[in-house]
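Every chain is named by a letter (A, B, C, D and E) in the order it is written, and numbering of its residues begins at 1.
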Amino acid sequence: MMQKPAQRLTLFLLLAPAILWLGLLIVLPHVEILVLSFSERVAPRVYAFGFRNYLEFFTEPLYWRTFARTAFMSILVTALTLVLAFPIALYIARVAQGRVKAMLLLLCLLPFWVSELVRTLGWMMLLRETGVVSYILRAVGAADQPVELLYNDGAVILGLVYGGLLFMIVPLANALESLEPAVVEAGFDLGGSRWTVLRRIVIPHAMPGIVAGCIIVFMLTVGNFATPVLLGGKNGLWFTEQIYAQFITRFNWPQGAAFGMLLLLLSSAIVWLGLRLTGQSLGTTLKQA
Amino acid sequence: MNRPSLAWKLYIAAFYVFLFAPLLIVAIFAFNASPFPSPPWRGFTLEWFTGSGAAFGKPGVLTDPVWLSSIGNSFKVAIPVALLAVLVGTVNAWVLERAEFRGKTFLAMMMLWPLVIPGVVLGISILAFFSRLANGLEDWLQTDLDFLRPGLSLVILGQLSFILTISTLIIAARLRKFDRSLEEAAFDLGASRTRVLRTVTLPFLRPSLIGAGLVALLMSFENFNTTLMLVGSDAPLPITMYGQMREGATPAINAVSLLLMLGVGGIASVFALTAKAER
Amino acid sequence: AEKLRLLTWADYVPKDVMEQFTKETGIEVEVTLSNNEEMISKLRATQGAGFDLVQPSQDRIAGPQTEFGIYKPLDLSKIKSDQFIASMLEATKKNTTVDGKVYGVPHIWGTDGLIVNTKTAAKVADYNDLCDPAIAGKASFRAKRPALIAFAFANGMDPFASYNDPKAYTAMMEKVGTKLAECKKNVKFFWDGKDQLLNAIRSGEVVAAMAWDTGGWKLNSESADIKFVAPKSGALGWVDTFAIPAKGRNDDAAYKWINFNMKPEIAAKVAATAGNFTASNGADKLMQGKLKDQFAESFPKAAIDNIKWYPAVPAGIEEIEGKILDRLKAGS
Amino acid sequence: MAPSTDLDIVRVTKRFGAHAAVDDVSFSVAPGEFFSILGPSGCGKTTLMRMIAGFEHPTSGDIRIRGQSMIGVPANRRPVNMVFQSLALFPMMSVGENVAYGLTCRGVSRAEAEERAGRMLERVGLKGFGERRVTALSGGQRQRVAIARCLVLEPTLVLLDEPLGALDLKLREHMKIELKQLQGTFNTTFAYITHDQSEALVMSDRIAVMNQGRFEQVGSPRELYHNPATPFVASFVGETNRLQGEASASNGAIAVRLPSGAVVQGQGRAGQAALAFVRPEAVALAQDPSLLGSLPNRFEGRVSAVLFDGAASSLLIDTAGFAEPVRAVLPQAGPLAGIQVGAPVHVGWTADAMKVFAA
Amino acid sequence: MAPSTDLDIVRVTKRFGAHAAVDDVSFSVAPGEFFSILGPSGCGKTTLMRMIAGFEHPTSGDIRIRGQSMIGVPANRRPVNMVFQSLALFPMMSVGENVAYGLTCRGVSRAEAEERAGRMLERVGLKGFGERRVTALSGGQRQRVAIARCLVLEPTLVLLDEPLGALDLKLREHMKIELKQLQGTFNTTFAYITHDQSEALVMSDRIAVMNQGRFEQVGSPRELYHNPATPFVASFVGETNRLQGEASASNGAIAVRLPSGAVVQGQGRAGQAALAFVRPEAVALAQDPSLLGSLPNRFEGRVSAVLFDGAASSLLIDTAGFAEPVRAVLPQAGPLAGIQVGAPVHVGWTADAMKVFAA
């Protein structure tokens, strides 16, 4: 009983960094933009409480269309990433052995630790009209004119999928790795075909990894800025660009804050929906990754 | 299942080509003797690394103060971020794995939250909050509080806001694997609590501390979204690169990228080695 | 050492000028490159801290100052006004006055017009010609306010006249927006950075663009086919200024830099690297011949008279424009 | 005067919430004794041991070592050392460092600690292993390092929490004997916990049988085996046949009527409901019932299974009037050695061999 | 005509690189037989079983099930099913779904598969457990689900790879008997692998003892125990005393001279170097040497340890001329029942009880 106050103090000291971190860098800033998003400008340097920033979002088709487009494309990118990454993760987790396995995983990791901008630069150099692909196409005679592959939605999707792959592969491989080989063998032994085993054993087992990977890829995609800006064309706007524009080129912080809140809502809602549909929980899911 | 089909193997090969194509292109064209980072190949040069600018009108990376100072800025951000991430991450991991108190699950959820906040939103919220804080404190204290204004200090805080989650998770995962009976055994053999910490617990955690530090370093170097909203006059590397890419880049940016790849490759190998030692 | 933190445009601070200044005054200059919007947004985020001297365009001072109070009134007694072209100084002072205080003095001026590859797009003579199907996919302009203003003039409207009537202005901008949207299919990309555009024109990816005169002349010196053309409906004239942020910490150094820069020989050097003209009185005599010739070619007498100078942007106008521009970028 | 006991547990109770993991337990361990606590999983053995080591604090009661109360003394100041079930060797240290750890904690100089650790390793048969990593040892070797790490501190008392649990069958058999011998040569007091009755029987001087936080019986292995004090001890220690029925006293012995109506004779005490136990090796077999003539319990049956297992072979015999087959030892020689499933056989046992308890 | 064997292994070899995990093994299993493969860890048991199941492909040799060669037939088309050591229940499915899985793979309708799974669960004593998650079962229950999952497919042959390995001691004892009974009631052919000799002896009709990829001996449990064909079988199956020496023939039997000069008599065949084995239960004990008078092997010793373990108690006897103590069964009754450590004792055994092999 004597130790009680001392223990309290220790606990408090241990908790202090976490509380400072979460309080000062996460919670209060979000409260701030929430408050900010409800302030409207009535005159220079005079602001009042109001919903105009949100009204603006709903009444201006431009904004909600961008929003919907971002959401839709992010889901598309997530799905594509999942489909592309699954065979790779399966290979790494269940076929490759020892050194090869470690190598394959490390090779996957490397491009992603190099800056996103370097990767995007690479794609720009490959895809642009004066770029490598166009050059090669002309050199082999497949095209007689320079081909522009950059500045369209396809390029954006390509760049985003590329950027999301690792974050899909790692949780998937982790989940698949934990599947006991004997369970898969039992699946075959009892007469299952490859497809049956994949559908009834491998995929259900990998579900936490799939959900984790999808959540992370979706988050990264929806919140991405550089890739859509640099690869995207004159027709595509990403919602983060709207936030950036409101803050940086319009100096309209309240509007930007409202957009920020909406983006946060969108991502939280889709994550929540994903978890609900697959019956997973956030904590275990993120630990997977 | 154990015998991959040919199609599958081909897919794997194609995937890795896909994965490395952009990087290879970037690396190769760092040596192209042309003012533009695009084909055709105009011959090999090191001008974009060490050139003084005489040949193409723009200096190479290692002589250009813009690149040098942004690399310096990146280090000024990354090193404190890595150190703080390890330090605070260790304390947080301890809280998650060892402490017992009400609201712990809530706190654990909160710690995961930054992972599902888009980086741009993190950036603007921190920007907005700290500018309000700075305004308030300034009115109150009647002095400039520069470090609360956009600039490297705010970038450090912004990056920490989510890198701390990662480092906490990495260290907590290792701590969870720790067999408590090792500590009890040490204690039982007569060690004091600090000695147990020093001789048993921390040595056990060391690989994860190094790992978390390296990951934090890499993430800090790489981060763009949050940083973009918080930079002041000193731009870290990604911000400078972004500016240059919008400006229409010279192969100097390829040279920077190549240096970055080499650095990352180096750190990754250190990481792989410590990971091996862990086993 | 004493330090001057300068927020400015690319090419406005040649290395030798900076070194000479440091030598003369012992003050080191730390340069951050930017553009109008970013200058304002940085100052807005810091409430005018972080820099000692900034160089926004003259039309972008009064509005933001009213809204955010990010600049300091200038102490005109510390500025050697005889170094300025008097008419330009007066015009700028007038445009940057808020509540009777002056916030900016002129530095560099130039125009927005058309860069045309005369070989592949000879017919382009006005902004509207960028929308000509003949050059489909090979035109470019910035998705920024100058494009709106330019196309307004090109389509027979006078945006500056409606500056203080938000309703009318909105209606006008909507029209311009529609026009631009139609034009969009012709556009390769909305350019952002100067070098990006120049590279694209050099490589032939773009054959005609609305852009700054300086870029056009630069390309012209490289290849005679590429010319800067003053559009029929008028080039847009801009003036970049010196202004001091509200929380600048080294006003003395700032004034020293202004006065130093406006010396004719220094101003001439700066103008030469920037490729533009200076508000420094007498510097034009020191300028190289080539630029003068290029200017003469691009701007016949009538064209000079037809330059549309930006008046100060009233607060609120940018919001209207912003939405139009966003729509332009987002729509397909 | 030296105290005559190394360890005294005095009415110790430990509650977790409402649940009493250890419930009013008292016992003493004499110097040099090998004392085991045997009980099923979850009965409170580990909790009891952790209280002795100092990792848990008793809710009530006293723990004395060499007569000194240990209440309030932290684990690192107690003259007891523990061998953990997981062994808890320090993976970041070499074998030698592991063994020297406790000595350096006491402030013994590095050189001396190393030397003493080396000598201790020699005594447990690991000479020259000092530089090895602990991960590079076999199960039995790691076991010995764990014990050496404790013994080098010359503790009054060594606590062992199922230290053989992680080993495989053959090695466990071997280590049982080795552990007993080690204890003999060091003449240190061991308190050993296990849920494996064979371990406890083979190694211990005395055994306490624990169930649901309480001690059922404390005694030598033979006492527990031959004279169990409770039905729990009778069925937990050693293989046995268990019968349930109603008791009624009869001439000198006690008679138990099974539900089928069959009656068995035994020794013991019971009210109405009774449990009777007889060990398989006490069941006599004969093809001719007259050979069992003198036995008070005689029944007819049929072999339902022959469980051949070398010297440990047994028979299951479906016996008229019994709910479960009776288990008997398969004779190694004689006419019944080759008996087959389905063969009729007579079983019998003395009243002495059958222990009866109140159910 | 129905083939007279369910499984024929014909000269099967499996190499991993240069190492032959299974080396030229042949055997047959008759319908309804319980056939075990017993051998130490790493001897190739699992590899052999995986070849039968179809997860590995033999380097050479043939595998026939009901006379049909299985070479080139994938695992999911073979009429054999396997119970894995880890059980490998599908954690993502309920108990019922686990059992129904194989049926649905065969295209049996959902309703029928569920119904048949339900009936199978009933037969293994898990009625009403269909909806449970497999993680909510005890060890023994999971065991039975794993077996039910195979049996519901009515396979020609069930392969079991140490299915009891993960269970604890008491449960393992119990499941041994239960498994044998299950096999009896379903009358399915079982091929069972284990490294635990007691499991193999208790359950099997026939056992193959495997060592380093080869079969040492195939026979009934009693054959292996009483007439081991090789020294490996003699020492691996059952507890035994092992002596090493030089052989020389003598009247009818074979004499082995130990390094100390002592000579033992046995049965068998050996060149120069010889190994001799005698089981503890074959060692007769007496306080008076005259009681052992008729035995060709008689020695004097002293009890070095009493390993009391109920019916399985034994003695270690330091015997003059023997390098290791002789292990003998502790008599349950008679004057020697209470013998103490240090007591002198005489040991003896017949020449028949001692098996001699070339070393």
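Operating definition for what follows: contacts are C-beta pairs under 8 Å (C-beta built on N, C-alpha and C of every residue); 3 or more make two chains touch, one makes a residue touch a chain.
The model shown is predicted, which means the values in this text are computed figures rather than measured ones.
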- Message: Following contacts chain by chain, what is the lowest number of steps it takes to reach chain D starting at chain A?
- Response: 2
- Decide which interface, A-B or B-C, involves more C-beta pairs in contact, and give its chain pair. A-B
- Query: When the C-alpha atoms of chain B and chain D are each averaged to a single point, how far apart are the two points in Å?
  - Reply: 56
- Note on the structure: Averaging C-alpha coordinates per chain, one finds the centres of chain D and chain E separated by a number of Å equal to 27
- Note on the structure: Residues in chain A with touches to at least two other chains are numbered 130, 188, 247, 253
- Of all residues in chain B, the ones touching two or more other chains: 36, 38, 127, 246, 249
- Query: What are the residues of chain C that contact at least two other chains?
  - Reply: 203
- Item | Complete list of chain pairs which touch one another | A-B, A-C, A-E, B-C, B-D, D-E
- Which residues, counting only chain C, touch chain A once they are in their complex? 37-38, 40-41, 44, 64, 66-69, 137, 143, 184, 187-190, 203, 205, 315, 318-319, 322-323, 326-327, 329-332
- Partner chain A, residues of chain B touching it in the complex: 1-2, 4, 8, 11-12, 15-16, 18-26, 29, 36-40, 87-88, 91-92, 94-95, 99, 101, 107-122, 124-130, 132, 157-158, 160-161, 164, 169, 173, 218, 221-222, 224-225, 228-229, 237-238, 241-242, 245-246, 249, 253-254, 257, 260-261, 264-265, 267-268, 272
- Message: Applying the document's contact rule, which stretches of chain A touch chain C when the two form their complex?
- Response: 44-45, 60, 62-63, 65-66, 129-130, 146, 148, 151, 233-237, 242, 245, 247-253
- Item | chain B contact footprint on chain A (complex, rising order) | 11, 14-15, 17-18, 21-22, 24-33, 36, 84, 87-88, 91, 94-95, 102, 104, 106-111, 113-126, 128, 130-132, 135, 162, 165, 184, 188, 194, 197, 215-216, 219, 222-226, 230, 240, 243-244, 247, 253, 256-257, 260, 263-264, 267-268, 271, 282-283, 286-287
- Please name which positions on chain B make contact with chain C in the complex. 36, 38, 127, 131, 134-135, 144, 146, 149-151, 232-233, 243, 246-249
